[in-house]
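Here the chain labels run A, B, C and D in written order, and each chain numbers its own residues starting at 1.
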Amino acid sequence: MADQRLLSTQQVSEHKTPQDCWIVVDKQVWDVTDFLDEHPGGSTIILKYAGRDATKAYSEVHAPSVLKTNLQPGKFKGVIDESTIDTTWIKPPPDENPRAILDNEKPPLQTLVNAHDFEVVASKTANTKTWAFYSSAATDLITRDANKSCFDRIWFRPRVLRNVRSVDTRTKILGGDFKLPLFVSPAAMAKLIHTDGECAIARACESKGILQGISNNSSYTMDELRTAAPSASFFFQLYVNRDREKSAALLRQCSANPNIKAIFVTVDAAWPGKREADERVKADESLSVPMAPSKAQNDKKGGGLGRVMGRFIDPGLTWEDLKWVRQHTHKPVCLKGVMSADDALLAMQAGMDGILVSNHGGRNLDTSPPSIITLLEMQKRCPEVFDKMEVYVDSGIRRGTDILKAVCLGATAVGMGRSMLFATNYGQQGVEHLVDIMQDELETAMRNIGITSLDQASPDLLHTGDVDHLVPASRAHPYAQAIAKGRRGSKL
Amino acid sequence: MADQRLLSTQQVSEHKTPQDCWIVVDKQVWDVTDFLDEHPGGSTIILKYAGRDATKAYSEVHAPSVLKTNLQPGKFKGVIDESTIDTTWIKPPPDENPRAILDNEKPPLQTLVNAHDFEVVASKTANTKTWAFYSSAATDLITRDANKSCFDRIWFRPRVLRNVRSVDTRTKILGGDFKLPLFVSPAAMAKLIHTDGECAIARACESKGILQGISNNSSYTMDELRTAAPSASFFFQLYVNRDREKSAALLRQCSANPNIKAIFVTVDAAWPGKREADERVKADESLSVPMAPSKAQNDKKGGGLGRVMGRFIDPGLTWEDLKWVRQHTHKPVCLKGVMSADDALLAMQAGMDGILVSNHGGRNLDTSPPSIITLLEMQKRCPEVFDKMEVYVDSGIRRGTDILKAVCLGATAVGMGRSMLFATNYGQQGVEHLVDIMQDELETAMRNIGITSLDQASPDLLHTGDVDHLVPASRAHPYAQAIAKGRRGSKL
Amino acid sequence: MADQRLLSTQQVSEHKTPQDCWIVVDKQVWDVTDFLDEHPGGSTIILKYAGRDATKAYSEVHAPSVLKTNLQPGKFKGVIDESTIDTTWIKPPPDENPRAILDNEKPPLQTLVNAHDFEVVASKTANTKTWAFYSSAATDLITRDANKSCFDRIWFRPRVLRNVRSVDTRTKILGGDFKLPLFVSPAAMAKLIHTDGECAIARACESKGILQGISNNSSYTMDELRTAAPSASFFFQLYVNRDREKSAALLRQCSANPNIKAIFVTVDAAWPGKREADERVKADESLSVPMAPSKAQNDKKGGGLGRVMGRFIDPGLTWEDLKWVRQHTHKPVCLKGVMSADDALLAMQAGMDGILVSNHGGRNLDTSPPSIITLLEMQKRCPEVFDKMEVYVDSGIRRGTDILKAVCLGATAVGMGRSMLFATNYGQQGVEHLVDIMQDELETAMRNIGITSLDQASPDLLHTGDVDHLVPASRAHPYAQAIAKGRRGSKL
Amino acid sequence: MADQRLLSTQQVSEHKTPQDCWIVVDKQVWDVTDFLDEHPGGSTIILKYAGRDATKAYSEVHAPSVLKTNLQPGKFKGVIDESTIDTTWIKPPPDENPRAILDNEKPPLQTLVNAHDFEVVASKTANTKTWAFYSSAATDLITRDANKSCFDRIWFRPRVLRNVRSVDTRTKILGGDFKLPLFVSPAAMAKLIHTDGECAIARACESKGILQGISNNSSYTMDELRTAAPSASFFFQLYVNRDREKSAALLRQCSANPNIKAIFVTVDAAWPGKREADERVKADESLSVPMAPSKAQNDKKGGGLGRVMGRFIDPGLTWEDLKWVRQHTHKPVCLKGVMSADDALLAMQAGMDGILVSNHGGRNLDTSPPSIITLLEMQKRCPEVFDKMEVYVDSGIRRGTDILKAVCLGATAVGMGRSMLFATNYGQQGVEHLVDIMQDELETAMRNIGITSLDQASPDLLHTGDVDHLVPASRAHPYAQAIAKGRRGSKL
């Protein structure tokens, strides 16, 4: 090779355009200008090394002989003069990564790949009060965190060699047809994070074919949402007002709105929970909502929106009041916020159309049982419930695997609240992107445990041994029998 | 809109007072001076944006048309000239947050929202020795931390749709009526953190209607406390002196003091625990207390106040001595520091009026059982105890939910010691604020599990599956039977 | 000693060469030049202190009198003049540690002492995409991490006083003889980390006498690997192509290649898992592999190599297709990716020659059961399987103790995938070094539990009490009986 | 008070000596010179505030009136002129804390209050190799850490109201009388951390009345130790040499040394463990020990002293060899390193005088069972062992509570190895200080559970519910029955 022409790094560097492109591989210099368009991997990757040493990148994907085989001999220009190699030459090529995202700037929607990403972005870009109100939960956050971690402690028992070419996630909820066993849980004041608020969610649910729950404390009225998404399906989440007539008026609106498919009466917020992060940030006192007499206010306890916006809710609500609700609507009535098998049974006996097992995302009473544990309790203690009414679950759902686990344990569908608010940070497109992600994760999980439709889901596909000790075995406390006489009550 | 007047940001900025207030919303400039008083959300929030762009804050709470509807056309001043927008213009308005709190400065009392906050503030503002003495516990802090974490591992089983409009936390303790099932556990030397010391606590308990335990090592005498809070109720915590006559004198003082309702004889401090954080900081040797012959001293082991202040305590105390106590007082006598079902039974058989299940806040023997576990042990092994005498619990109580769990498991009332000392950092008002917080947390928890008075509390409302394996099932160790002959003792 | 000559530190410092070497011990100055060669500990350690004070190093290993005993009186030169001691004198001698390793530089191979070390080095020196592709796993990484931690929660029950002088790790796999119960699990695209890729692995396996699995997505063809390592033994890991003829062609190549000992049909990747770290880094689109129609591509979901390189895999594969595989090869056929005792039984009934219990390193479905838990499930529910076919395990193996635990629970051999890729960072020598390490760790573990050959391994040598609750007891979920009627399926 | 004299801060500051001492309390200036000697709290605390404002310190311990009551009116000098208060004045007095300890400097021995402190100091002040050799353990350190954490997961069941005035920790071990149920576990090469090495330990044990185990790899010979501590009691820890005659010689030395009370034959080190921290640091190759043919050496695997110093140990040792040991000594023979109930039984049947339950501090085989778990296993499966021979425990003991728990579970005494080496950092006094600490902790624990001598210790005083699932229930693995046919062995 003594007759090979020596080329300095300086000389090679000058041929660095698409019109004149040399690269170095294994010390040999090649003119690849004409090859750019033929390269199966595209020209971009080659141009990255135009006028540079491409040995490392090349050898990661090609056999040594590929270049020589594909180029004509005339394209060989010589060998690099190693004495001319300097620090400039060995500097790696500029990276094609996009510019850094500032910490308080929303990254491009497409770069968010899961529900956690939406939460992280909201924590950095929503204003302090909005983040505090959305993310907070009761006191020490034990239930909020256990809602998720208990899902993570339930293991799949995946089956293999089943034909999973096509998978079907369609779900019937309260008689309606939906594309997923997933709905948007009702959550208050979506406008805080995006001017379109619940309207953005409604348009996304309409386009994606899923059900949306409208909060009693929504930033937009149910009629505005219907206008925004004329073919969408909703349910309305009712906080029963101390002034019953106000609630009756809302029920009349529901009856008149054909998009409202059912009423969900909230029962897990008899009294506002203590959400300390929310209390610690002052509320904007000009804030109000259109379907409730709620007005933001700061007081001695702090600025907790979750507390002051719920002052109208009647803590005196009982099973009897459900009859009153029935009298004011012909639509299906469900309970939101069941936290025990006992109340699931009572709901069934009260003729409810469905129940949403929920602890309000851990926002109301800390150390309330994680929702998936309550679902297990129902499977253990009152499985007949699942035959008589539909059962939904929310609180802690972040992954397609979470959805699938709830469905395996008998849920008809699951709700996501906070995550949907965080997705609303990007408006309608954000919510659509999150729904797409959840669908993809659910389908992936279904295929990888070996099922193709949701009616194949069953408890057999799970192992719950790591959480079974958290599930009450019977109504009575294990020691309750022994202490019948020993109870505090007997002394007062 | 071509005829709209263009206004520079500079021009708008000049109208920034309550007397002349312009704001910009969606590029439109409005004069809102006359509207300030009419704004339902108050003028403050508008003035924050005086002479500024208010679009973001506005659209979070208002529909786009509100401004146009509420203001007369003449109030529209023109549109902003976007070419004049600069960095000054887009800077957010100054925050209304108060000035930063320095790390060693007490924040305003009202900003403290829970018992943890008081602890955090004390850790930063109490002097090194006071913090070491109050916060320390035996050796590796295992019991101190488990006292709290075992509460957190007990789950509620909340019931819904029960009328919880009014809730009643009144409690009868040793025949007296109190507003809460919560008392101040006796804790030594409250004057270290506030000059009013136990007097501040006494005044707060008097005003809030709760019971206070007076430590034998209190900074003030029981008579001084009675003077400070003439209508307060106390119990006196007695360390029995090696010199019995000294203790007899104290018992006589108790008998003469009508505010003292009972005597609590401490039994969980037979020997001073090893509190290493306390030992590592030198004690001020001029320190003493009025009702005990204790004097601070530094020695070879360190400066542990908890150790040297307790030198007079008799490690030879036995069940027999309780008869001696009875001979010196006609008031009810309780034991403080029961840590096993076995001793709870013995206390019942000895005719005690009550027992305080306590491990001294984990300060005496590390890996002593958490108090709530001992309460469960009693429910399992000797439930009859709860019928014969009152049972109290302390060590680890930080939340209203903790109080409620203890009451569900049979406690008549619970005590808080350290947290009350940390609240005394703010004097009487600090303790009152903490009691208010605890009451609010307790009521919130009661309502959210569906009960309205404490006699409805029962073990059925809890699930203890996550800690049941920590509860001894019987007096005998599971292996004890098998090893009767195998014991070390048989070899000596 | 008044007549002893005083020597300044300056004077002593001048005698610091092998030809003229003084040292100071206990203030006495000695000429040790002639002693250098006689020193049992070698001359290096003495020369480190040439012209210096060696008291500390000397007294750590020698009795005070050794120097005086071994040197002639004339070698004593005097005592150090303590008034001349300065900061230069007391500075410790230069350390013999090698120069610091830069963070993005591979440290010398010999300094890597375990599998973790190879992973750490790869995390710092492989390019971003390679590290993302190799190290990533499905969604929240729960299965990836539990694969290892479950091994760590199984305790040995070591036996003592057994003759373990010689230990034998030889293992028969599918009729072939190997030096270890360890093989290289098939893993895609080893060339990304080293230009020799799978060829390096093949040469190392050949020299070390262990079995290598060739990935369907290998960077080199099976013929190239045979050329690289003519006497090596391989199995071929098949992803069945939607276009069956492509797979048939590969099976024909296997049949023609005498080094291929078996076919492993992958069944745990019915659908590509969601490996988020992999998706987040752009793929080099010029990347392809020779034995599959896979081509790297970036799309809306990201740049996940694990996903796009597997698009040809047929998600419709069923037990029936295994017959088709048998028709195209006469070699043993095993399944890779069994995750339940149920499918282990079906595999046995389908006449498989072996199964590889695997969850794809946690890369496909998060919260799939850890492999060692599945092995325990098989021991509990279908122990007969171990008699009828060979059982292998991978996913989570990092230590010789892991290998031994799997063998104790019935595995014929175990596979390591990721670790072997990380070792390939150093080419053939890296893989050889890792195999040596694993062999040493395995032999050490065998000896220390008291066995000398693998057929002495048994479950009796383990205690699995810390993970037994994670092992399904029967096919049916504990609640499944009770909920037969309560299943969601009954409602659709 | 208009006639009170105003004094500037400057004026007050001048009176700051013991001969002329003014202080300010509540703005009043007092001359306390004559009072200095009378102050019950000593003069030091007052002089700290000489010429300063003492209000805060004063009011923490005194009632407001004390000063006025105790001082004559003439000592009142006036009131502070508040206009003269400046930053100098309000600066707190200089703290009496000693100068800061440098990070690589040993703090004063008296400031170390527990075994952990000695470890922390050693980690900072011992040389790199010594720290690596002493602190390291096998591979992932799981057993090393579990040895301690399993003690922490065992709870006491303390009893109250028992006379614990005097407590007796005296213990009979192998017929000898000792002050504590604590001995120094044999550990190699104590000279690395202090020139006196094992001699320092011997002198400390002699003065404190406890037993010392001499390592076969001790830095000093057993005769040197006897010389150092003529009335001390030792046992000798024997590694049986491949060359039996070498071991026989040591046994003869033992027989001739009246201070040697027993032989402990090590059985938990059949093969050197893989201690990676030790391997990663080069060994000083001049290092050797006097009673074994061991010599430090660096090789391909690294510089592991634990490995190379043990090359002479015979991995072929069996129960048969114990007879050979008996033939060479008339002294009691015990086994060191039993890790299962099975071998405890065999040891009893072989007529051993005692066994030391130990996993070599987790240094030999990672995931060997924690020692206290093995003790529980023996209580469950072979309690008769405790009647026939003495049982000792080491590995993980750091606290007096650990000692007491082991004794409650049947141990005659426990050993501490690493901690004693770390204490040797301070020579004889360090070891004495650590022994004092352990005695104090043990006595405190005994008193606080309500016992006064060790023969009152029993399993009844513990609750082991948090670790019981880690204790093997029977020799057979729970699945072993089912898999008798399914074993790997049946296939080879």
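Operating definition for what follows: a contact is a pair of C-beta atoms (placed from the backbone, for glycine too) under 8 Å apart; a residue touches a chain by one contact, two chains touch by 3 or more.
Computed from a prediction, not measured in an experiment: that's the story for all the values here.
*Asks:* Starting at chain A, find the fewest moves between touching chains needed to arrive at chain D.
*Replies:* 2
*Asks:* Using the touch definition from the top, how many steps at minimum link chain B to chain D?
*Replies:* Contact-graph shortest path, chain B to chain D, evaluates to 1.
*Asks:* Fitting on CA atoms only, what is the rotation between the copies chain C and chain D? Please report it in degrees, nearest 5.
*Replies:* 90
*Asks:* Any idea if chain A and chain B meet via the same residues, over half in common, or different ones?
*Replies:* Mostly different residues form this interface, as fewer than half of the numbers used are common to both chains.
*Asks:* In whole angstrom, how far does the Cα centroid of chain A sit from the Cα centroid of chain C?
*Replies:* 36
*Asks:* In whole angstrom, what separates the CA-based centres of chain B and chain C?
*Replies:* One centre to the other, that is 51 Å.
*Asks:* Which chain C residues sit where two or more other chains touch them?
*Replies:* Expected reply: no residues.
*Asks:* Which chain pairs here would you call touching?
*Replies:* The complete list of chain pairs in contact reads A-B, A-C, B-D, C-D.
*Asks:* So in the complex, which bits of chain C are touching chain D?
*Replies:* Interface residues on chain C, with respect to chain D: 39-42, 44-45, 57, 59-61, 96-97, 110-111, 113-114, 152, 154-165, 172, 376, 379-380, 383-387, 390, 399, 401, 407, 410-412, 440-441, 443-445, 447-450, 454-460, 462-466, 468.
*Asks:* Spell out the part of chain B that touches chain D in their complex, as residue ranges.
*Replies:* 139-140, 142, 191-192, 195, 267-268, 270-274, 276, 279-280, 282, 284-288, 295-296, 300-302, 314-319, 321-322, 335, 337-340, 342-343, 346, 359, 364-369, 373, 469-472, 475-480, 482-483, 485-492
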